């Protein structure tokens, strides 16, 4: 089977990390998964939320939002509607939780890192692109903090890397990294977050059309493992370049 | 291994469905998973949201909320805070999506069913109890609608039943149906929604502590399949009683 | 005159107090006035709001809310509408004010008790049921606090009991404890809050249809005194049982 | 007993109605009860809210608000806080309900009148001044509408007049029309709304300190009847002047 | 050219300052620019916002709002809409900024003055009337604070006076102090804020219809200088009277 | 005088227009004024807001917002705060008003164009960059609409171009196009919006420190005229390239 964009079922879209895209942020990356483009900005501050003060532990969190015209037709701004939608909250929480799985919060000291993930253009997989890019921005911010002595330099707080990819069943066929056109017709859609060492952090599978069985679940997990392994290599390569 | 409450690792808590708990709702059930108690009320109306008008299709959605003192210490009401939290939105969306997986919306006709799931008491597993109870309330509301001729009586719109259970790894051991004390110490926590026919609707696994591997994922899915099968039997039994 | 539900004009509906309905709350009661059912949960905390700190005085307040399907047709949640309606605020304030009339806040010490009154099912008289039940939950929470030494045990902070009932003129006849069907057709509607010792805390009378005169007002107050006296006996009996 | 401001217990403060205070409103009055000053503006529109369309009935409602520096120390604006407080809602509802008791909504035709009651200066009794002034503004707006043919001229929609006064027990003595200093120390506080023909529309009595008995309640109602009768005369006189 | 209201192009409307209009505020003025009437109330408190604590500097800010029926047809209250509109924010900020230009915040000490500008009636030029009146209320509040020893008496914190006027091009003719009818048809509209010593604090010109050139801009500034000079004289005269 | 970044007083920063930066929007440009970068996306829809229906006129509006980490330190998102700040509203309104000055809304037909201006990085002059870039995105969207026959092709609705620049007095010296470091220390700050034909649309001057006189105002306008003329050339050049 050849997909509409010419990719093999187990092939990622063109993945790019443009590090240091912003001048002010302690870490930043413009990540692209094909036409999906997410600007990830990591902000480091030398304090923690009040409920965490005195714990000796740091904090990592994330906020995800889509620009109004990131999508095919314009969506109203959540700031103007006066409330943040359920989907936005859900993805923000997912990104934060995923990143924290790879951070030793004790080694971070009582510092906070907020990763803003703003979708400039959406073509499917915005949450997985956001997680994958956010980890790169986070790593750059941690490096910045350790160089400046804000974060204790003795021990690396990042105990692993984090990448995420979508998989789904489209026309009966398991495929990797779905663009919007595939995503909107998928029978089953799964987002998988994994560590660089190959373990699972999040598995979120949803039957959009027909419920799925154990065999299909296994095939999707196989694809996701393959995709995340490749993303881990690309993150590593991006981090080795000068920002 | 014996758990703190004396259950075997693959044993559900005491599950109860009190149908017809409310006088006004078209379907209602007070569902208990041990000390977790959720009041599920299904409201049937003979219209659909405006974006769906003229489609010939019905609509099923859900709203989840916790009473302020359902928990061990009191939480502020979301209505007073002026905004609904991310977790509340996320679970509401999950319940609605899960139920729709078992409904033929064309057979429902242009009617809507909203299932309100209000947690009266929380002791872990509120979302899985809510889904499992909501399906019973939904089924009662569909029966009501068909008897009254609101929903076309010719074909049953409920194509399957839906149940959900939590599984997790606690102290290295996969366990079924976690109460709060287990949930708060679990390394990995997974919520699984299945059809009565044994297929998956949602799989949401999260590494709270250490990431998990394919083997652990498999063990958790085995437990979940067992738990959902038992819940399906209990739903069936409850539905056969007079409300 | 015999009323639609067979009661005499001065007869209460079936009144029930199910104490200890919740496991977490320091005091709780599921109160029923006929089909009207309100879950009252008292939460005790050993601090007071910031504006009261250092005063040596405690604080008692209440929050009232209706579940969306407590009523005959579903109402939108106030949390989703993003604002709490005027009626909800008004009743919450009434409950808190009524309860404080029977509490010696100095004897309570710098502790707070919040009573959540959530209407599970509404059939008229939700505010009076809420006040009457809330006092029972409050009393149980005070006992709990004194047993645990949170509230000074030396002196009882509850200086009286509090009960409330609705009265109204329906078809020209003064009647006690109106269900929804009577309430919606009443010419005049009055809610009366009294102490166990027979004094008035709140008198709120409203001419829904035609304004009323001093004679009618007197007849309604007579009925209310009788109803509150009976509720006081029932509260006393409920408090003497084991929760 | 002589009160702090020299009045007898049954004496009103200096009451003034400045009709036509605004150029745009269909009816307006700046009402003063001593230092309490409320600007009442009646806006007439030839339509009704959507839920009332086609009923043949009109609608009368009110909105009450206090300017931030109407009080002794400044209060934050409700618009800036992003929500309207419970007290504001409660009083707005009370004013609207009171006025509607004297309006034949069928004779009003499908027209709406909104009365805005903005407290420019507060010294106790703002709600009673608002109701009393609002009725004058309402009457002027009805006249305006009948002269212009917006409201059918054949039958007067105002079937009675409406006035309101506060009464209370201060230092054991029942007194009429309490300024802030008396109000804040009153044991019992009651607001009474009456028709010009001497019947009751609203009776709202609250024991701020000690609960009250039937005798005290009677004494307060006597005072209120006297005060409202005098206000009715003053309204009549004001309405007979040229605006 | 004679204007609709008979004024010459460079003539102000009837300007009035009624000082001490409120009893509670430390400074207050009811300012009228023709039919435009704004109630300005200055509230002095002996503290500053938290972000300014310890700076030794005071703070002056303003809040502007229109009563719902200040305008020709009624506008919904911003408090009920749950959000403050852009125009309201913009004018509030303008007033505060303008006033601060004439205050030595160090001499004010760590005290705050908030000027509430509530438009009771609007007929064009509400923001310029508000600024001009607000300065009078501010000056009275500063006097009050110095007399009471709240503000250090040694040095006058008001280093200049502030007045504001609107100018515009109507039918090709530059005119001063536009009422609503002229404002709504102006090709160009400019608000100018000046000090008593004749320097500019704010110049805000907007081409409502056709863009304007340097010559027109000059003619408008000439008019504004003349108008502000006259307002400065009137402010001085008002301040010399007993409040 | 040489400025900190080496520019002459009347020299613009490096100005860049990257047209077609987004795939979905009908017109888009990433505009840079030095390090200030604003993403402008124009969304064309073939309808107008309800208050404009049937008028035969189109509508052009804008929304401005800053990403949380566009600035030197992170700012909370307005969507999370639940309200849009005054500055954001003010600038959104300014952009929309400026653009409309150059559009013949009748020739646009009953179509709407919304320009979203999202500040990706802020270093002073974000509103002027937004206006200047927004006009380019608007022009591209108009071309798109005319090519597709959505907007009548017969007559060009854009009757002029629009550009904007900041000018200010820094250390006594009038300078053009202020970056953040200059802006935060300027005595006077002015934003000027002009048409390509050299007329003024908006002039907004503010004395941040000391009030300014007519001479200084003239010098600033001279600089602004020069800057806007240069921006007009650059817009023209950008529009002549292939997007």
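Order of writing sets the labels: A, B, C, D, E and F. Residues in every chain begin at 1.
Keep in mind that, in the parts below, contacts are C-beta pairs under 8 Å (C-beta built on N, C-alpha and C of every residue); 3 or more make two chains touch, one makes a residue touch a chain.
Because the structure is a prediction, the values reported are computed rather than measured.
Asker: Can you list every chain that touches chain C and also touches chain F?
Answerer: The common neighbours do not exist; no chain touches both.
Asker: Which number of steps is the smallest that gets you from chain A over to chain C via touching chains?
Answerer: Each step joins two touching chains, and the minimum needed here is 2.
Asker: Return the chains common to the contact lists of chain B and chain F.
Answerer: A
Asker: Relative to chain E, which chain's C-alpha centre is the most remote?
Answerer: B
Asker: Can we say the copies chain C and chain D touch using the same residue numbers, with more than half in common, or are the two sides different?
Answerer: Same: most residue numbers at the chain C-chain D interface appear in both copies.
Asker: Distance between chain B and chain E based on Cα centroids, please, to the nearest Å.
Answerer: Roughly 59 Å, centre to centre.
Asker: Approximately how many whole Å separate the CA-defined centres of chain A and chain B?
Answerer: Going by mean C-alpha positions, chain A sits 28 Å from chain B.
Asker: What is the distance in Å between the mean C-alpha positions of chain D and chain E?
Answerer: Inter-chain centre distance comes to 33 Å.
Asker: In chain E, which residues are in touch with two or more of the other chains?
Answerer: As it turns out, chain E has residues touching two or more other chains at 82-84.
Asker: Make each chain a node and each touching pair an edge, then name the shape: line, ring, star, complete, other.
Answerer: Topology of touching chains reads as a ring, each chain with two neighbours.
Asker: Going round the ring from chain A toward chain F, what is the chain order?
Answerer: Cyclic order starting at chain A, direction chain F: A, F, E, D, C, B.
Asker: Quick one: in the complex, what on chain C touches chain D?
Answerer: 83-87, 89-90, 92-93, 97, 101, 160, 190, 194-195, 197-207, 210-214, 217, 221
Asker: Under the touch definition given earlier, write down the residues of chain E that touch chain D in their complex.
Answerer: Spelled out, the residues of chain E in touch with chain D are 22-25, 28, 35, 39, 41, 43, 45, 63, 65, 67-74, 77-80, 82-84, 88, 114, 116, 118, 120-121, 123.
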